[in-house]
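What follows is a short report on a single structure.
Labels run A, B, C and D following the written order; every chain starts at residue 1.
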Amino acid sequence: MRGYSQDKDAYLKRLRRIEGQVRGLQRMVDTDVYCIDVLTQVAAVTRALQSVALGLLEDHLSHCVTEAVAQGGPEGEQKVREAAEAVSRLVKS
Amino acid sequence: MRGYSQDKDAYLKRLRRIEGQVRGLQRMVDTDVYCIDVLTQVAAVTRALQSVALGLLEDHLSHCVTEAVAQGGPEGEQKVREAAEAVSRLVKS
Amino acid sequence: MRGYSQDKDAYLKRLRRIEGQVRGLQRMVDTDVYCIDVLTQVAAVTRALQSVALGLLEDHLSHCVTEAVAQGGPEGEQKVREAAEAVSRLVKS
Amino acid sequence: MRGYSQDKDAYLKRLRRIEGQVRGLQRMVDTDVYCIDVLTQVAAVTRALQSVALGLLEDHLSHCVTEAVAQGGPEGEQKVREAAEAVSRLVKS
């Protein structure tokens, strides 16, 4: 069980949609679509990925981090630090 | 011909690699990989997409915008404004 | 007491440094420094602000959220949701 | 003369406003305002800075880059590459 397990099907559906969007980008490049239109679509795919990341992070905080903290002990602290580092990678990506 | 046409094969290769990474994300979610490891990989895919976008933008400036500007007239100005708006969407995505 | 109270002096020092950098930007613009050099410095100030935000967030998770969760009850859940929304605003800013 | 010279007063006004916002952040931290409210305000300042950056970039493209390109020769190409690198720093900041 992971933080996202309850919503697994929804995440898989969103990731398959993103996969389709990336294939759409290949078709755009392959058929010489205008650069700016390709860029607009790249930005849309990036936003869709960021949105998946934010969902996974919220699920992780609500389940994994919350449970570790509720049990007390050093694991809670470690999970919080680990989550903060993940946020840092998201903000910089 | 588009700004990216000279490097079309390289872009297609990068986009196919990104498609493979998105399929990899689906496998990670499907096999209950730890949330933080999924997030790290989502951040990697996002960076790969941003890098494609920056390449496309540079090609667009070097070719489409440069040519429109060199010909003089209002089209140069319009292309510059359009490119600036595309940058704005990238920064906000 | 807030999550950041223990490091208040360090945060104030960082924010005063950022204030100085913003005044530096005004001098750059006022003395007609080259656009690209101004942009490089704007990016540096933005990174400094993001770094303050990431620090505040980690402190918030380590203290406020952790304490609310450890006490059990609905407040823990609410704090987690609130923190996730703050992350979302950071990623989009 | 720089790309932003025509709008210098407007940029100075925006940067002074941002300086005031950074001082406001210091007051918030100094008076123990709730972490999430500080974070929301940090995100607002970051967006204001990004918006200044996007304005400077558009002015730079419309003036400095356009003029270098219109004159022909290698300087146009160099200006385009330099602008693309500045965009890359903005996207990653």
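Methods note: contacts are C-beta pairs under 8 Å (C-beta built on N, C-alpha and C of every residue); 3 or more make two chains touch, one makes a residue touch a chain.
Predicted model, so just to flag it, every value in this text is computed and none were measured.
Remark: chain A and chain B have CA centroids separated by 18 Å (rounded to whole angstrom). Averaged C-alpha coordinates put the centre of chain A at 28 Å from the centre of chain D.
Taking each chain's centre as the mean of its C-alpha atoms, chain B lies 22 Å from chain D.
Along chain D, residues 50, 53, 57, 83, 90, 92 each make contact with two or more other chains. Contacts between chains close into a ring here, every chain touching precisely two others. Chain pairs that touch one another: A-B, A-C, B-D, C-D. Residue ranges on chain D touching chain C, taken from their complex, read 1-5, 8, 11-12, 15-16, 18-19, 22-23, 25-26, 29-30, 32-36, 38-40, 42-47, 49-50, 52-53, 56-57, 59-60, 64, 82-83, 86, 89-90, 92-93. Partner chain A is touched in their complex by these residues of chain C: 50, 53-54, 57-58, 61-62, 65-66, 69-70, 72, 76-77, 80-81, 83-84, 87-88, 90-92.
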